[in-house]
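Which chain is which? They are A, B, C, D, E, F, G and H, in the order written, and residues in each are numbered from 1.
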Amino acid sequence: MNGDQSTSGFAEIDHGRYARIGIPEAIYAPGKSKSQLIAIAREMDKKNQGPVLITRLSLEIAEEILRTFPDSFSMPNLVKDANHLYSVVISANAPRDKKVVIVTGGTTDLPVANEAAATLVACGISCEIISDVGIAGLHRIMARLDHIRTFDVVIVVAGMEGALASVLGGLISAPLIAVPTSTGYGASNEGATAMMAMLASCAPGIAVMGIDNGFGGACAALRIVNRLEANYSAAKL
Amino acid sequence: MNGDQSTSGFAEIDHGRYARIGIPEAIYAPGKSKSQLIAIAREMDKKNQGPVLITRLSLEIAEEILRTFPDSFSMPNLVKDANHLYSVVISANAPRDKKVVIVTGGTTDLPVANEAAATLVACGISCEIISDVGIAGLHRIMARLDHIRTFDVVIVVAGMEGALASVLGGLISAPLIAVPTSTGYGASNEGATAMMAMLASCAPGIAVMGIDNGFGGACAALRIVNRLEANYSAAKL
Amino acid sequence: MNGDQSTSGFAEIDHGRYARIGIPEAIYAPGKSKSQLIAIAREMDKKNQGPVLITRLSLEIAEEILRTFPDSFSMPNLVKDANHLYSVVISANAPRDKKVVIVTGGTTDLPVANEAAATLVACGISCEIISDVGIAGLHRIMARLDHIRTFDVVIVVAGMEGALASVLGGLISAPLIAVPTSTGYGASNEGATAMMAMLASCAPGIAVMGIDNGFGGACAALRIVNRLEANYSAAKL
Amino acid sequence: MNGDQSTSGFAEIDHGRYARIGIPEAIYAPGKSKSQLIAIAREMDKKNQGPVLITRLSLEIAEEILRTFPDSFSMPNLVKDANHLYSVVISANAPRDKKVVIVTGGTTDLPVANEAAATLVACGISCEIISDVGIAGLHRIMARLDHIRTFDVVIVVAGMEGALASVLGGLISAPLIAVPTSTGYGASNEGATAMMAMLASCAPGIAVMGIDNGFGGACAALRIVNRLEANYSAAKL
Amino acid sequence: MNGDQSTSGFAEIDHGRYARIGIPEAIYAPGKSKSQLIAIAREMDKKNQGPVLITRLSLEIAEEILRTFPDSFSMPNLVKDANHLYSVVISANAPRDKKVVIVTGGTTDLPVANEAAATLVACGISCEIISDVGIAGLHRIMARLDHIRTFDVVIVVAGMEGALASVLGGLISAPLIAVPTSTGYGASNEGATAMMAMLASCAPGIAVMGIDNGFGGACAALRIVNRLEANYSAAKL
Amino acid sequence: MNGDQSTSGFAEIDHGRYARIGIPEAIYAPGKSKSQLIAIAREMDKKNQGPVLITRLSLEIAEEILRTFPDSFSMPNLVKDANHLYSVVISANAPRDKKVVIVTGGTTDLPVANEAAATLVACGISCEIISDVGIAGLHRIMARLDHIRTFDVVIVVAGMEGALASVLGGLISAPLIAVPTSTGYGASNEGATAMMAMLASCAPGIAVMGIDNGFGGACAALRIVNRLEANYSAAKL
Amino acid sequence: MNGDQSTSGFAEIDHGRYARIGIPEAIYAPGKSKSQLIAIAREMDKKNQGPVLITRLSLEIAEEILRTFPDSFSMPNLVKDANHLYSVVISANAPRDKKVVIVTGGTTDLPVANEAAATLVACGISCEIISDVGIAGLHRIMARLDHIRTFDVVIVVAGMEGALASVLGGLISAPLIAVPTSTGYGASNEGATAMMAMLASCAPGIAVMGIDNGFGGACAALRIVNRLEANYSAAKL
Amino acid sequence: MNGDQSTSGFAEIDHGRYARIGIPEAIYAPGKSKSQLIAIAREMDKKNQGPVLITRLSLEIAEEILRTFPDSFSMPNLVKDANHLYSVVISANAPRDKKVVIVTGGTTDLPVANEAAATLVACGISCEIISDVGIAGLHRIMARLDHIRTFDVVIVVAGMEGALASVLGGLISAPLIAVPTSTGYGASNEGATAMMAMLASCAPGIAVMGIDNGFGGACAALRIVNRLEANYSAAKL
């Protein structure tokens, strides 16, 4: 019922976004066909002024995108099954010197952490993932506090009751971005419990993103990193 | 439109509850008139086989109850304003040797902690309240861990995101009862956020009560204490 | 997109949990790949100080785990279809003398009851499941009250409106842990109705776990059993 | 800003309802002024073909209505404070021989039970209220089962988790109408928990009304009683 | 992981329910395996004192049940696809003279209506389904009012906003049971919108069941029909 | 803590809205002080290009506004108590020839209907309120159908289950705007039940506004009336 | 279990709807079998007085319908995968001169926009879709304002937070119909977030439809267009 | 029932928070008595290492605090009535050179904006409030974009559907913190609609706080400002 795909008639790409606000327009894969995704990626690769990336791809389409764009690369997702979604970076920025750390409560939070990491890497930001340090074994996070304090921005990715964000919020002075995930069954309410808990946190100044929104968490970090760089450049003058 | 009060026709007191399951039937004040409350308390004081207490009284009625029953005493509530509710113990059990600790996240959780304490004290259980040690300043709870570990049962009373329960749950081996409170505004959702977070906790084996249900938290502790005593007696034989 | 699995980089196992709080770190299978699960189980089997178990496995992976670990055994789940999840015990504790009973409202609550039983059995606790005694036919539970009263802790597993917990709560003095399940359609709201009803119960001192959280219910029982044993040992001296 | 009240322009009374479906149009007081209520009651008293009653009046207005209509009478509400609402019957039907029983979980459910009783009494139905027999003390309801079985219809009025409806539903063969009430704090969720629990009940054939809707519960009973009478008359021929 | 099925150890059938309260214990198929279903049905067919039926079967298992029990029959479901569920009557009561009508808002409400019809037919009640007469075309229901008035009990089955129940409630004097269905997308909220609307209906005395609970709607009708028959018999004496 | 009020610093009035989109900027009173309201009204009366009105005033402030602005007038609200809110028109448009009808389910919906009427009258639209014709007595609305069909736009204002909108939607061809109200207790859920029912209506093309948003309903009608007039003018040329 | 299909017994088609209220009765495909759909379409094609269309078909059944009815045509859906649903117009009205524009926030909103377009095209209304102009890149919608102002009615189709409706509502005077979609993950809450945001919009007079209800949005537009035409005809006389 | 107040026994002040994470421990007034508030403020004023402030005071207590602490000052709240809450700064930091702008959708959002401003001012941050520039009149915010771009951090405070955050998010590169407010009635759902809309925003990188949490929004800004200063100092070396 429809033939070949071009982006005319269905997609109106915001090619100027990176120049305008320093944040890339990522292609959000769910609900788009393979041919649509490739058509959009091609047009962005040609005309876009910033990095190009696609998030939440199925493994099958991710592999086709990787074959289609020779310079593209995928973030290593640790778990390889039908439910997980992949991010592919088609063209990336030059490396920058600011650093972001992504801390996860458990292993199952990794796909969301990886989406955030892919976005930051595409923009040239160096980032490290510290995985599975939830507060049920509090010593795991306590042992890494000094290391975490060396980063410019901290992103916490956690499901269930998301208390890792509250604990870090009382111990760390850096900007703290909390991304609730839909891990955990039943009372976790598909991520709503973690999201509400982060929003009601007793630790001050925790900034919260939507459920599973790793891309959004990275963008909030980017806004801060961009301002730090502008600030730094001004100071250097 | 109604005359003097006796309990016949509206209340069917469960005088045998303490003998049957070791838990007192407390009189829940909201929605009952002063004359009804006194009528019920009188009948319980006469016929009941266990301790007698009234929870969630307004200050005005609490003071009248205290005048009416000479041996009664009230739990010292720290805050004295129209919104707070008082518990009055009309007759108490002999002291027992098991100990329960009640830990609160903040000062505003005290009325619920006091309701729990009143219930335990009425049953002869010694209890201590450790107040305002929420995890936004993690050192406050860490400094008291060894002391908390000396108790038989731990009741955590906390609002907002209730993360104090999760942190204690990973560090303490004792039975842990979590009572969410309706403190905090907006995203705290009148206690539902703390309740859901406690139910979805990553720390294992946290047992959760309804919102602001200090009486219930004390009863869950009583069930454990009663079993510990029976067990201890058997061991002694 | 990912090669062989070791736990380094994604899992930070809390090997000291059993020694610290007397509760095993179970491996929660959903969202982890087969190779990840085996890698984690191997590491735990080697280094862990307590029992090792995996919960909520699909039948296919459960059977592979059983082949991989010669001493492992699975809890007999009564229903054998794609939706049900299996628990496998890889190494268990020596038997202990405390006893826990698990009472279910209906046949469809059995998978959750089995998860709880597997956790207790791994820790050496003897446990019995009394199945399908919901209150629509009240005589079924009434006929078993004397037997249920012989146990140290009672776990109630029920869906729909979860009224079995309330009925037992008024009749039994033992510690009572209620695990709501997601059985029942529509108004059961995937377990939320049973969970809220248990939290709002008129029977005093019912301690509630998250929806379908059989593992959590067992852990709450373990906390009590551990304290009973410590207490008993002290009394014996 | 407005003068004397007549019903023209704001109320369109359904005078034929009792003749049409055998259920009276009650005047629902909240949101109507005293003068409006008296104007509507006067017009109904003059033109209406069935009984006339006003529900959920404040004490102050109830007393004025009683003075205004010499034959009116009020249902005896047991608790006399500002929050409770009164029902006044302005003209009643001749007595009929069918009987309805209203069973409440606790004393605080009485205002809703009284609203139901007022509606039935206005229609000539004899009714009895059995109060405070919630299942936390199961013997209270068990002792009255034989008496309850003598009624044509059973209305259960209960808050908190509303389990009284489920227990009766498995033991009683009569038509069973469950009215959830907004009693209980926090997890009772202003009656929603009891309502959802009654709708998800494992006991078969429980018919549920909206929260605190005592009038509705009486109307559902009336539909059944009316049919029983029609049926009985036909059988007698 | 499990061998042959008998009901011992997992199912505790309430064989006396029909004798006790006049309502059959139906076998609810979801979450039970084929062998379990046949084992339970066999035991019920042998020992049960009333009709035997299984609800919400997949087509495949329904057909096997029909082959296994020679006298069994299935209710004709109008739509034959993977999502629909079947009811099978294994043994039925003798026909009785009371009549129930089931009215549906739309074609997609038929599976729920059929479940109700199967339950009534198993108990010997004659019933008629009037399908697809929702109020968007009000003439459809108005044209059938006189016919509907000839029945003893009316069951309304409707999804979306469920207004058909309210319209009938203002026009019909018979007992009215409303079963909300999960038909309709988005704002229908999987049946919750219809359920809440029926509970908040301005038409008096509508008794509401849980979402998609056709079995429950039939049981509520049965309670009324049983009382009508007892009443009729008494009148005839 | 604050002195006299001018609008500078807190309010940024959109004086051009009426010229831009044909809808007046109304002053929404809740949360604004009396002096703020008068300051804003003065500035709008001076500079605004369209009608000026204030909605949801308390009686006390409404009367002061009426004294302050000699040409102002208030919509006659039928009920005069503390909870009701008043609309005051400070300057109105010239009369226009399009007509809107506002239909309410019950007397308690009148305050919302009056807010809508005040807005239309301020814009010169003639409007009629037909009150208390809810579908529990279906003949009331059926008798007025021909009259309602003479209007250009129909606004339905209803609480409880809001079924009046669905019934009219199947019978009337005019644009139909539904305003849910927060009338009704408990299961009405402060208007959410009516709102969701209107959004899920089986009658096609019902456009829904937020709860109690009489102003919004009038604005939606205004958009249609403005277009009808532009269209009519074009046709006349 | 069922044979050939005719519509008798399950569907009661409202053939007079188009004549009565100017809106077609569309056949809603989900929950109906292929044979049922063809039977209903045949009967409507024969007897119906207006356009005939089927919405939300799977690709497979859509193609069979297209083969069965030679004059039928399908709306070109841009994305061709299993989750998307197709609309087929079986017989259409003559073209009319009023114009509707459908504006979408993103590419994934297109299936809902297409359902609306199919309904309008079936009724002879010319319509244009402007896709992917969400406010994250505000220049996209600003550049098209003058074009959008040339239409008689504007339908906004948007998911996530649905802010496109609010922005247009402050800039455009035409009747504005907002259709929330279930696009976006997690915090979008399957469309509920967009729906609530549109209902709470600060822009005045936005009329809201149920989630994903493109058909409903078109019907609301049809009511306005029909009135504009009647008005125009009257003016011409 | 309680005498004079000291903080011992109920409050455990986190005096080191400002030194530890650069965020002050504010005293949250609701639920604390006047004597408690003064006792806590006195102790903080004496021992605390950073600024001291109390938020959400009633006017009466605010004035007493101002009299008690001679150097204290209050943020000018624009509206002076019983519902509004005041912030009092008891001791403030030296001025710093970073700047934060607070943008509100409407006048009624000002109390929350003021709480944020008080917190920033106490910490020495210069801040400006731009009030009442919601998107219903889009020109208001567009005219101020260049000015807003001169600030280091932007805080958006908005109720209703909160679309102002989305619009700014697509136009501004600075870190953007969104604080939803509970303004607006009915469908605004006491701030939940704005909060969910901000979390689901199509504009990238918006960081969201809990409802009405002006203090939290300021703390999130402080984290960024602190990092900018550290960065700037490092660059200067």
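In this text, a residue touches a chain if its C-beta (ideal position, glycine included) is under 8 Å from a C-beta of that chain, and two chains touch if they have at least 3 such contacts.
Please read all numbers here as calculations on a predicted model, not as lab measurements.
Path length between subunit C and subunit F in the chain contact graph, taken as the least number of steps between touching chains: 2.
Between the chain pairs F-H and F-G, more C-beta pairs are in contact across F-G.
In this assembly, A is the chain whose CA centroid lies farthest from the centroid of subunit D. Which listed pair repeats C-E comes down to matching contact pairs by residue number; over half match for E-G among A-B, F-G or E-G.
Subunit A and subunit E have CA centres that are 49 Å apart. Averaged Cα coordinates give subunit A a centre that lies 28 Å from the centre of subunit H. Mean C-alpha position of subunit C lies 44 Å from that of subunit D. Averaging Cα coordinates per chain places subunit B and subunit H 35 Å apart.
Taken residue by residue, subunit F touches two or more other chains at 17, 136-137, 170-171, 186-188, 195, 199-201, 204, 210-211, 213, whereas all remaining positions touch fewer. Under the contact rule defined at the top, the touching pairs of chains are A-B, A-C, A-G, A-H, B-C, B-D, B-H, C-D, C-E, D-E, D-F, E-F, E-G, F-G, F-H, G-H. Of all residues in subunit A, those touching subunit C in their complex are 59, 62, 74, 76-81, 83, 86, 107-108, 110, 131-133, 136-137, 139-140, 183, 185-188.
Remark: subunit E residues 1-2, 9-12, 14, 16-17, 25, 28, 30-33, 36, 180, 182, 190-191, 195, 210-213 touch subunit C in the complex. By the touch rule above, subunit H contacts subunit A in their complex via residues 17, 20-23, 26, 152-153, 170-177, 195, 199-201, 204-211, 213, 215-216, 218-224, 226-228, 231-232, 234-236. Across the interface of their complex, subunit A is touched by residues 105-106, 134-138, 160-163, 166-167, 169-171, 184, 186-189, 192-194, 196-204 of subunit B.
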